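Just below sit the structures, each encoded as structure tokens.
One chain, chain A, appears in both complexes that follow, with chain B as partner in the first and chain C in the second.
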Partner chain A sequence: MKDWRYWLAEQRGTLLAFAIFIVMFAIYTANHPAGFTANVVQTASNKGVLLAFVAMAQTLVVITAGIDLSVGMIFTLTNCLASWLVIGTGLETAFGVIAVLGTGLLCGAINGAIVIYGRLQPIVATIATGAVYFGIALLLRPFPGGSVNEDLADALTGRLFGVVPASLVALFAVVLIVWVPFSRSVLGRAAYAAGSSETAAYMSGVPIRRGKFAAYALAGLLAAIGGLFLTFFTYTGDAAYASGNAYTLFSIAAVVLGGVSLFGGKGSAIGAIFGALAFRTIGDLLFVFDFDPLWQPLFQGVILLIAVSLGAFALFRVRNRLEWFL
Partner chain B sequence: MDGAAPLFRMEGISKRYGGVRALEKAELSVTSGSIHGILGENGAGKSTLIKVMAGVVAPDEGSMTLDGREVSFASPAAANQAGIVCIFQELSLVPELSVADNIVISDPPTRFGMIDRKAQRRIAEEALARAGAADIHPLALVKDLPLSRRQMVEIAKALARKPRILILDEATSALAAADVAKIFAVLKRLRGEGLALLYISHRMNEIAELADQCTVFRNGRNVASYAAGSKSDNEVIELMIGREYSHIFPPKPVRLPATAAPVLEARTLSWTDRLDNVSLTVAAGEVVGLGGLDGQGQRELLLAFFGVLRGLSGEILIDGRPVAIASPAAARDDRIGMALIPEDRKTEGLMLPMTVRENLSFAALDRLSKGGIIDRAAEQRLIDDMVGLLAIKTAGLDIPVGALSGGNQQKVVIAKWLMRQPRIILLNDPTRGIDVGTKQELYQLMRKLADAGAAILFYSTDYDELIGCCDRVLVLYDGAVKRELVGAELTERALIASALNIHGGDATPRHGADA
Partner chain C sequence: MNGIANRMPKFIRRADPAVLTAFACIVLLLFLGSLYSRSFLSPEYLLQQLKVASFLGVIATGMMLVILLGQIDLSVPWSVAVGAMMAAAAAAYGPIGVALAIPFGIFCGVLIGIVNGIGVAYLRIPSMIITLATNAVAQGLMVVYTGGFSPQDSATGAMRYLATGFTIPGVPNAVIIWALIGAAMVLVLTRTSFGRSVYGIGNRERAAYLSGIDTRRVVMIAFAISGGLSAFGGVLLAGYASKAAQSMGDAYLLPSIAAVVLGGTSILGGRGSYLGTVAGVILITLLQSILSVMQMPEAGRQIVYGLVIVAMLLLYGRAPASR
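Up next, the complex of A and B:
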């Protein structure tokens, strides 16, 4: 086989998510009263990148065969923190941004430390830490409020050169600065190896613990970037429980849509980003076709089921039934 | 050997797992530029020895010296650093990663902190070529390769680490003859380059072809070292056996062959590359053993009977009538009445956190309930019977089964199936990791069940057990039945010889399929 075929096989999940998104988005813009305009794209982009950041965060942890149920709460916590700190002069704002991102990194590192060194199951550990992070968010913002440096906010949610949505550029930058180096580093390789077969990785002398720890910590950082952008869009901090939980669950859906295996070891954050954008577009589609928004959860569920079923076809080829349960 | 100082030496190495001693004051020395063959039965301590060398297991006592300096390895990575690289029996490849990713996995080349994919590709291609497997594409995912190709990747991966001592543990067990020849050429070249190679294999002809020096292990000790070719196959087998025989087996009934009609029969069963035209019969009251080396298709054969495998070809007959067994639930149905005592009780036999009572009644719930409601009194009666029959030692029926000792856990698994009063009992190496006392009870129980009319198919990796318990033993090799040993033919020597598929010993070849 030629090299490109292997590349294609590896990127199949990502390309599928990309195709689903493009089709859905094309249908959306074709039926939008305004059509394919910079404005429509900007709005969609601004809504989409939030989930995209959180889905990227989830991807890192899922690759290690774990799951992070606290990403939505880190997202909420950093939103509340940003509504206090990311304000004032340029220097003050810069420090605020660093503090917010540092907090996210710390939250992720705590998750990682508990899961890896405390040997708790990721699902339990992150439910608990998620509740703690939400509690802190609630202390910071008992009621919605606060404010943000509006110049920065407008710059990052507006358009570059009048056409390109700035939020999309920011997303692209984060992919280049966080995801690409991670996925090509030894630690990233270790995270994949640990997710695919932890014993084989151990026997090969792979730094499993450091790889997993890096994955959890960077997940916290990415969720915080999402939280920061939420603040830029809304100009406020809001410790909304339902919203945090929804982001956690949607991030898992986006990851699955993006071709990342929940069993670990396989998938890419790029796929998860397209998964997130596609998932978000479902709501927009219902809007342009004049459906009652009440239908939204139902449609999101159906799309997710279809996407997941595509991945289950492999089970028909299994010849030893005990392998169904592996 | 004389003259050359050994590169690596192990002295007085002991290792215990719980009450079981895996190694007892074992010694080994390895010289550069030679191939050292290691022989021994299943469970003789070879694997543990290798694991100690490769830093996977820490020995309880003993010392290791490399280049004359004392060393100890805290992890496989530490052993690799010292130049000891092992190719394990269970593959150590990461399935979702590519061949190239796997080859460089312990020490990937980096540039600016990121993995240098071009360099990685180059290293992988070189290593594959050195292993004589240049046809494997470095970008292919390991999970998409067949087992024999994976084994070649495993060897390439070991070579990429520039080892001084290379250990191959059953490295050829999954390989086709053509691949074995390639590997042998590679190994001989590596010997010429000054590497020390340790070669563990059950295939005596391979050892004879490759090795310069051989060491035989038995019961956790090295019992003999000799220059390759200085002993005959039979002498080597004597060295491998040489173990005291314990009279813990119940007497076998004297019976004429083929007096009873078969209850369970297989005709030309084949499945993927693991089962090859297996035909056998088991009559009521008979204990039939499955022998051979580990992993020659015995487990798959039992799973085939129990309805776990899909795409099986051939026929299964119960009481002379062909049946299609589609699932374990169908196999245990009263019309078939089959039970399988699995090999891995912790995953396939028991639900460890649940209570002894719950575990016992799982398989028989349908018999104990009317209209979906469990008859608690009947359940209790049956459980009491079983606990009494098997003498299960437990602090109570409502404690988690995970709290019981290994032997008592195994009794729970057996009791659970006996509650259905099965007519056909399949046992998959049921005495692994069990103390001698419990083993003895199980042997007696097996005979008692057979006398009560059950047909028993018994796979064991312990030759003593097969000889002591079985009326007949079928020896499998490479998925096919190679020999049938009955009555006086059933000796340890014959079992080992036929398990290794060498035509020696005092066994007669199997005469066709059962008519």
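Up next, the complex of A and C:
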């Protein structure tokens, strides 16, 4: 009867992120010297898709009321690994891709095992594992370099039928293959339930540990897909500390913009994807308006600050002051 | 088990097992180091280590205050850099600038801390998120500031004196500063109502609020102090290296958190002693020193570092088994 209202309430964050993205992208293309062409869309989507993968990874963990500060480092590590392995004949490339994705899954599983079975706080544990992953990345690529199977790279970063950016199609495929089954499975519901109220979920016999573990492991996998795409775009591997950190930070911004609650249990990866695309577009607005690129870090920081402060509006709905203290 | 514990001297029974473990690890590291090289136990080397440790010690003091509240301050990297760069920048404005360089650097750090504090205490934003955001804004500001023109970046004489000089022969000034800040922190934590409120809020903010503590003000002040101490650490570091650099704070985020947590302070807040933080800081510094003496490349250092922290946390930093 009033099903659509519930649906609307549930999807409010996602729809808001979608709306922000559409408005920002419209402003962006309207002011771009080349206008709304396939080329502009392709470049924008290639940049946005990278962050979208990492933001999806962050979403999975944030839904369980945790946080993964190592996503950016897994992204960097898999980028370095891919620059060694994803090359050669078709078969070798395929094995390389599988190895890279497996590494990401393993990194995520290690995070999950430490946080869930080791009972450590996700913040500290993932900062520490992030240092380890970055160290390994630096071992693999002390200096930027390496190469990648360029046929595959060009196919995945080019355009399908001359119009549709292939990277967007890949993103869509990953959503269909990873996110949709996960969010509808028992494990996915368990991850949501654990983030919403762990005690209640435990009392109802929900497999919270397995659900959370799956969320952390899949987050590693998604970050690895991001790392793989970074290699496809740049043709090289680069263990850059600043870039890994920036992706971690931006993934949190994208998740917040995408309407995913940092307290867990609320939001979807779809919202985070639009959050990521919106965040990237806002960051690039500076270029079309001919600002000095020096201002970009500050601009992105301020957007992040505003985005996280928006959550404070919920305070106006608090009737009992004790609810300030969760 | 209980019988053995009862027969031990009282001070050991009362001590936190985590702090004891940390001190035991320090002794173990010194022992391993002395096997590797004789000069490891020489007073000069140990004093040098203490001097290097004091920079981390100052920063970790602020971090500890915030962690005791059950929050975290991830804006350390750029608070450190802002403190150093702003102090160096102030020195470009004549003699008054030179005189006010250090206070101005600390003041900028306090400002970052206040923004963090307002976000956490009044807007109820998770500390991890708001401090990441202010960190990004501080970075952006510094990039804009250094990008347009080439700023004054060399440390003033006073900064160099604080970091590398000797007021008491044989004891580096940096160590004295750390000792003073540490003593003040112990005093604040154990003898003032502010300090007891910090522990109270860390245990249960709701209960602290209901017992009449202005919890929001306490949280905000704690973040302001943390920002100020980070910036002061940056000022000292700039004095030590005799110039300020953009990424100088990056290497201090993980160590400062690790030092506090390895010293037995609960990451959930409300529990921990300053003695533990001192042990954690020395432990981390010794570990770094041994790794660099062994000429471990940066990559290996990062890996060992992360592994040691995870291992130590698994030893005694675990949350209680739920329910």
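Here is the rule we go by: the second predicted complex is superposed on the first by the 318 of 326 C-alpha atoms of A that agree within 3 Å, B and C clash if a C-alpha of one lies under 4 Å from a C-alpha of the other, contacts with A are read in each partner's own complex, and residues count from 1 in each chain.
The definition used in the following text is that contacts are C-beta pairs under 8 Å (C-beta built on N, C-alpha and C of every residue); 3 or more make two chains touch, one makes a residue touch a chain.
A quick note: this is a predicted structure, and the numbers were derived from the prediction, not measured.
A.B. asks: Clash or fit: how do chain B and chain C relate after the overlay on chain A?
C.D. replies: Superposition result for chain B and chain C: clash.
A.B. asks: Check whether A:308 is in contact with chain B, with chain C, with both or with neither, and answer first, second, both or neither.
C.D. replies: Touch status of A:308: second partner only.
A.B. asks: Touch test for A:184: chain B only (first), chain C only (second), both, or neither?
C.D. replies: Once the two structures are laid over each other on A, A:184 reaches chain B alone.
A.B. asks: Does chain B (first) or chain C (second) touch A:249, or do both, or does neither?
C.D. replies: Second partner only.
A.B. asks: Check whether A:131 is in contact with chain B, with chain C, with both or with neither, and answer first, second, both or neither.
C.D. replies: In the superposed model, A:131 contacts chain C only, not chain B.
A.B. asks: State whether A:265 touches chain B only (first), chain C only (second), both chains, or neither.
C.D. replies: The first partner, chain B, only.
A.B. asks: Which partner chains sit in contact with A:202 here, chain B, chain C, both or neither? Use first/second/both/neither.
C.D. replies: both
A.B. asks: Using the superposition on chain A described above, determine whether A:91 touches chain B (first), chain C (second), both, or neither.
C.D. replies: Once the two structures are laid over each other on A, A:91 reaches no partner at all.
A.B. asks: Between chain B (first) and chain C (second), which does A:299 come into contact with in this model arrangement: first, second, both, or neither?
C.D. replies: After superposing on A, A:299 lies in contact with chain C but is clear of chain B.
A.B. asks: Just chain B (first), just chain C (second), both, or neither: which does A:3 touch?
C.D. replies: First partner only, chain B.
A.B. asks: Identify which of chain B and chain C touches the larger number of residues of chain A.
C.D. replies: The partner that reaches more residues of chain A in the superposed model: C.
A.B. asks: In the superposed model, where does chain C crash into chain B, at 92-100, 200-208, 254-262 or 308-316?
C.D. replies: That would be 200-208, the one stretch with clashes.
A.B. asks: Shared contact residues on chain A, chain B side and chain C side combined as an intersection?
C.D. replies: 199, 202, 321-322
A.B. asks: What residues of chain A sit close enough to touch chain B in their complex?
C.D. replies: 1, 3, 6-7, 9-10, 181, 184-186, 189, 192-193, 195-197, 199-206, 261, 265-266, 318-322
A.B. asks: Quick check: in the complex, which residue numbers of chain B touch chain A?
C.D. replies: Residues 56, 75-77, 80, 88, 91-98, 101-102, 105-106, 108, 110, 113-115, 117, 137, 139-141, 157, 271-272, 300, 303, 307-311, 327, 348 of chain B touch chain A in their complex.
A.B. asks: For chain C, which residues count as touching chain A in their complex?
C.D. replies: 72, 119, 123-126, 128-130, 132-141, 143-144, 147-148, 205-206, 209-210, 215, 247, 250, 253-254, 257-258, 261, 267-268, 297-307, 309-310, 313-314, 317-323
A.B. asks: Report the residues of chain A in contact with chain C in the complex, numbered from low to high.
C.D. replies: By the definition above, chain A touches chain C via 67, 114, 118-121, 123-125, 127-139, 142, 198-199, 202, 241-242, 249, 252-253, 256, 262-263, 292, 294-302, 304-305, 308-309, 311-312, 315, 321-322, 324-325.
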